[in-house]
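Both of the next two complexes hold chain A, though its partner changes from chain B to chain C.
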Partner chain A sequence: MTAAPGKSRASERNGGASDASAPPEADQRPSIAARLHRFMRRNPALVGMPALLVLVLAVTILVHPEFGAFDLQSLALGALPLAMAAAAQTVVVLSGGIDLSIGSLMAVSNVLAASTMQHASYQEALLLAVLILIAGAVQGALNGLIVVLSRIPDVVVTLTTGFIWGGVALLILEKPGGGAPEGFLNLATGTLCTDWLCSAWVPNALILLVTSVLLVWLPVRRTRIGLLIYAIGSDRIAAFRSGVNVELTRILAYVFGGLFSAIGGLALTMTTGIGAPLAGTYYTLSGLAAIVIGGVSLTGGRGGMLGPVIAALLLTLIPTDLIYLDIDPNYGQVIQGTLIVLVVMIGGFAAFLQSRK
Partner chain B sequence: MKRSEKLAYLSLASVLCALAGAGAASAADKYVVGVSNTLIGNGWREEMICSIKAQAEASGIVSKVVVANRNGGPAEQIADLRNLISAGVNAIIVNPSDREALNPVIKQAATKGIVVVAVDQAVSAPEAYVLTNDQVAYGKVGATWLFEHLKGKGNVVEMRGIDGVPADADRHQGFTEALKNYPDIKVVASTFTGWALNKGAQQMKDLLASGKEIDGVWTSGIDSVVVDAFKTAQKSYVPVVGADNNGFVGQLINLKGDGFSGAAVTNPPSVGGAGLAVALDVLQKKDHPHLIKITPEVWDNTTDANLENLKKVYDAKLDPFYSIDFEVKPYTTYTMPQILACKGP
Partner chain C sequence: MSLPAKTGGQRSRFGLGGPGGILPFLRRNTILALILLLIAFVAGIEVARPGTVTPIWISNALLFAAPLGILGAGQTLVMLTGGIDLSVASVATGSAYLLATNASLGSVAAVLIGLGLGLGVGLLNGVGIAVLRVQPLVMTLGTGLMTEGVMVVYSQKMLASEPRVPEFIQALGAGKVLGAVPLDLFLWAPIAIAMIWGLRRTGFGRLTYAVGDNRQACELAGVRVWQVLLVDYVLCGFFAALAGLVLVGSTNAADLSLADVYLLPSVAAVIIGGTSILGGRGGYAGTIIGALILTVLTSLLTLLDAPEPIKQILYGAIILLLAAAYARLTD
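Entry: the complex of A and B
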């Protein structure tokens, strides 16, 4: 979705902020270089994040020249659940909301999968996975409904439903256990191998990551739903006055949040082979960290999906590099925090420069 | 004649040279050790990691200890273990977050010739070596000491840890097994302290205020605050079973004159260092069983000899919750200052 730096899409992504400069664009046809320059300036996350990933990967290979297929797979496996948590949070935050129940939603689908798939065949497991995805969407819808109907702030609602779903996860599976068929686990833990191509260099986890983000997000982003989500996140009142069904759109955003959370939970089942009722705990906050690093504005309406997903890869690489460099792992937290502050500061500085032009 | 003598000397010299060369080679042949832990900010776990570093230092054949240490579940631990494999370690000491989930990655490590030792908690992978404290025995030996000390008759309180945690369930099982042999011992209250000091202290205060007759207390390690509660309530001490925490051992020594008797049951965090010792042995082709259970010891203050032993390990300068059972014989070889320094090679 990022390969097409179309003008209209760039202004969409920036929500209301680019309205003022939009009309002159339509008249003149600026040179490709100028357009590219403007695209980069408007979407620092889209250009900056891949660049940062390449940089960190280069550093990783520098400190660990043996970096190979095994390590690429480690990276993809480690990043997969976090990327899904980040994707879930991204949709909700873009709509101007926040979801603090993502970790618990992941835990629910993780234990649901592990407890129901234990003695299932591969085909049954796939069917169960679909049902669990639907359950995740329903859970997200419930979050959204409560937020919209009760008019209680979303932070409070999702914090509370987070406790509830966390409890439900413990009720489904009180201690780590369960399982899933080998073929199902292989969807994440294996490497690409089809009839005509086998490569240890393409981990299934990476394919799963890319396809699930594209399959869910691309149709949303390319249609009205995506535009509406950006619109209500950018300026809820303006969107309402333009005839947007704000409440329904907010609920929809939570539905996609729930769906991505459910994929994240399934990813946890695939990567660990078990269900753990407390496994989701770490993903609510690290997912938030990933979206902030990924250039999604916490006030809503600004940002994209690529940034947070790459940020998930970055956040996975940090502990890896610390192990390669043999640095006290307690610095991992310090580095992660510093990175967030730096990225937010750079983002703020870029916005400041832009506003002076 | 002379020639053969010369030859003999030459051959002797060459043998010596070869020996010296082999010596130099083995000195250079040092191992890199990885550690994986997924609970940070926990005193017992920190001490476990320190014991691994101390044992690495003491062994003289470890060049580096790489620690992967963060809060997480099985997914994070799998990532850490994979990274340790990539970092080229020869052995991994892991405190596992799950019994089954790590098995595939442990198998991968084993196929690369890495020796994996699970300490504190078990994994079911057949490739791994498992070295744990026997928690059933922990419950049993402490409870038996208490019931024996009460001459098989009286009201006791059982103060457990966290509901649903394997170690707590195992200890309770041991406690119950011991109880079967003493029909006149009555458990008048059973609480979950959550292994939290403030909670345990409050529970004991409430129990004392309730007016229940209590003749003895078994705790799962929240010990010194329970003894303090008796002092605060101005009640006379009853026998208390605790863990090998520095503060509790101090009470066993210092409050003996006030009529306090009790026993510390050992649960050494130095299983970490012992795990490393086993790993290094295996790397040097020395055999060990795949399952090693460390039986807890009971340190009471009833005899003068036992009191002397307690005084030997007690260190007033240390934190009250530092586990002073700092070694696991015959595995660990480091000294107390080495584990306190917490520095690897």
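Entry: the complex of A and C
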């Protein structure tokens, strides 16, 4: 790391966080080992998180040798809503905000889907799903508008709007119920089966997860919008002075947060088959846990989408492992909390040591 | 994006003869604005349902406001330092549950165990935030999840013994003396006096404001910032546990979602009371009024003949409006 600290710092600031590949360094060619080392340092989430996932999967197979296609499917099913909550939170946090209303937004989409799709055909359900996604984006926009217009800090606004959206969800559907057509549920609960390929080892939930993250996030990340989101997240005043429309970008980040939350709500409908007005509350906190473990800095501007999504898989896998190990799965939440605390404390400790050097 | 200059609210407090008009006056005396708002809410109730506001009603309002006020005390301390504590609801629930399940050990031991949970979680929060410089939001979120999870596991191990709330805790949470004075006021009032006096007159109080205003300046001035933060978070955990005890006294039933609904109000009471979440501005007097306003708002909403979700939406919307109005007033 002694080669060109200034330069590497600069490229880090540019938003080349975790899911960009190593930038080419034409003028000097350090050894491959040094470059690999730097690449790993710069993209801890890109290297560390998949490694951790592989490790935990290996442990899972070790303690539960019968781990098969069905277990893989239930892992993907369980992780899908959580991964969407994490994705929603990631966009907002990257922009320097925080959204504590994600769980309620998911609940609203969930009950909207379950109450309108109950007697719909598959095609109608797909159309309704699109409308619900738009509604989710609008709700996110409302969150963002209130944050920008009221000048109240994000935490307070979204804590309160979360309360309000929770009321809206209860208003739409008082008790758990509703439903959706079989074909629609199959989008998540089934496994890959097309004319030319049929495999029980590829759960639809996993395909849905990957495609929805890629479809929404990749266009954002690769265009100006992503750059602006990273910019206002890392230094709002500098971004403002460079001519970035800070307020609009903040609202936009909340719009994407709302969109991902809506996908998460639809995923909840698909995985549970019903709508439950209180099902979402769990996902606000767990989604935050996933992004913290996934290496997204809560101060904004640092991190990527891969880490949180993999962290969501990890957070789903760990309680399963506990069941395999005959430990009370209720420890899952304890472990989740402990993981957050440990991750942030170790991060803090490392920074503390560095500052003393 | 505007970069507002900090002006209002810091002008001389003796400038009453200065620029006239009601807004500048309220800007200088925000606590008066809050009290006026509280009176307006009470008047609203009296108008909506004449004959409601009686001494008994006022005494009940104070009784119900006390747990929120005590929770708000801790939240005020940490928000003055620029932090936030999202674990208060879990801690309050946990302390109440521990009290009820350990009542067979004797009331004093049970109370100490409950308060011990608050001190423990507060200490953990404090170490993470003050020493290891973790963001308060994440730290308290994590410890909140941990506490909640531990309580779920614990509740399943403790199925054998019947939860029971000791009688003096029931009296504390629901009892009244002299016909109309709620007993929990005897707990809340000393806390309020200690908070207001402590924040205004003691070195620790001033340091709490100073750390929230400018942590770096404090460090350069030789303040041991971590000690101030640590004490604030431990106190916050302690107050949360105490509020849990009062709460379980009033409901007389400990369950694992007892204080969940208090998380938003505990933050909202402080914000409405004029304490800036960015730190360094505000005080406990405002939080008291904030807690009273929220309590009166709740009973105003129960007077409305509306379904529960509508009330929830209205409650949230009014909190947002009040907080926004306050931000405009003081900016």
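As a working rule, the second predicted complex is superposed on the first by the 311 of 357 C-alpha atoms of A that agree within 3 Å, B and C clash if a C-alpha of one lies under 4 Å from a C-alpha of the other, contacts with A are read in each partner's own complex, and residues count from 1 in each chain.
Criterion: contacts are C-beta pairs under 8 Å (C-beta built on N, C-alpha and C of every residue); 3 or more make two chains touch, one makes a residue touch a chain.
Values in this document were obtained by computation on a predicted structure and should not be read as measured data.
Visitor: Please work out whether A:330 is in contact with chain B alone, chain C alone, both, or neither, and reply first, second, both or neither.
Guide: Touch partners of A:330: chain B and chain C.
Visitor: In the superposed arrangement, does A:198 touch chain B (first), chain C (second), both or neither?
Guide: A:198 contacts neither chain B nor chain C.
Visitor: After lining up the shared chain so the two structures overlap, which partner does A:69 touch, if you call chain B first and chain C second: first, second, both or neither?
Guide: In the superposition, A:69 touches no partner, neither chain B nor chain C.
Visitor: After lining up the shared chain so the two structures overlap, which partner does A:285 touch, if you call chain B first and chain C second: first, second, both or neither?
Guide: A:285 sits against chain C, while chain B stays out of touch.
Visitor: Looking at the overlay, does A:341 come into contact with chain B only (first), chain C only (second), both, or neither?
Guide: The second partner, chain C, only.
Visitor: With both complexes superposed on chain A, which partner does A:78 reach: first (chain B), second (chain C), both or neither?
Guide: first
Visitor: Quick check on the superposed pair: does A:176 touch chain B, chain C, both, or neither? Answer first, second, both or neither.
Guide: After superposing on A, A:176 lies in contact with chain B but is clear of chain C.
Visitor: Residues of chain A touched: more by chain B or chain C?
Guide: Higher number of touched chain A residues: C.
Visitor: Classify the contacts of A:319 with the two partner chains as first (chain B alone), second (chain C alone), both, or neither.
Guide: first
Visitor: With the two structures laid over each other on chain A, which partner does A:214 touch: chain B (first), chain C (second), both, or neither?
Guide: neither
Visitor: Output the chain A positions appearing in both contact lists, the one against chain B and the one against chain C.
Guide: The overlap between the chain B and chain C interfaces on chain A comprises residues 174, 328, 330, 332.
Visitor: Can you name the residues of chain C that touch chain A in the complex?
Guide: Result: residues 1, 3, 84, 124, 128, 131-135, 137-139, 141-150, 152-153, 156, 263-264, 267-268, 271, 277-278, 307-313, 315-317, 319-320, 323-324, 327-328, 331 of chain C touch chain A.
Visitor: Could you list, by residue number, the parts of chain B that touch chain A in their complex?
Guide: 34, 40, 64, 66-76, 78-80, 82-88, 98-101, 103-104, 164
Visitor: Can you list the residues on chain A that touch chain B in the complex?
Guide: The touching residues are 64, 66-67, 70-71, 73-74, 77-78, 81, 174-177, 179, 189, 268, 271-274, 276, 278-279, 281-282, 316, 319-320, 323-324, 326, 328-330, 332.
Visitor: Looking at the complex, which residues from chain A come into contact with chain C?
Guide: Residue positions touching the partner: 98, 146, 149-153, 155-157, 159-161, 163-164, 166-171, 174, 236-237, 240, 246-247, 285, 288-289, 292, 298-299, 328, 330-341, 344-345, 347-349, 351-352.
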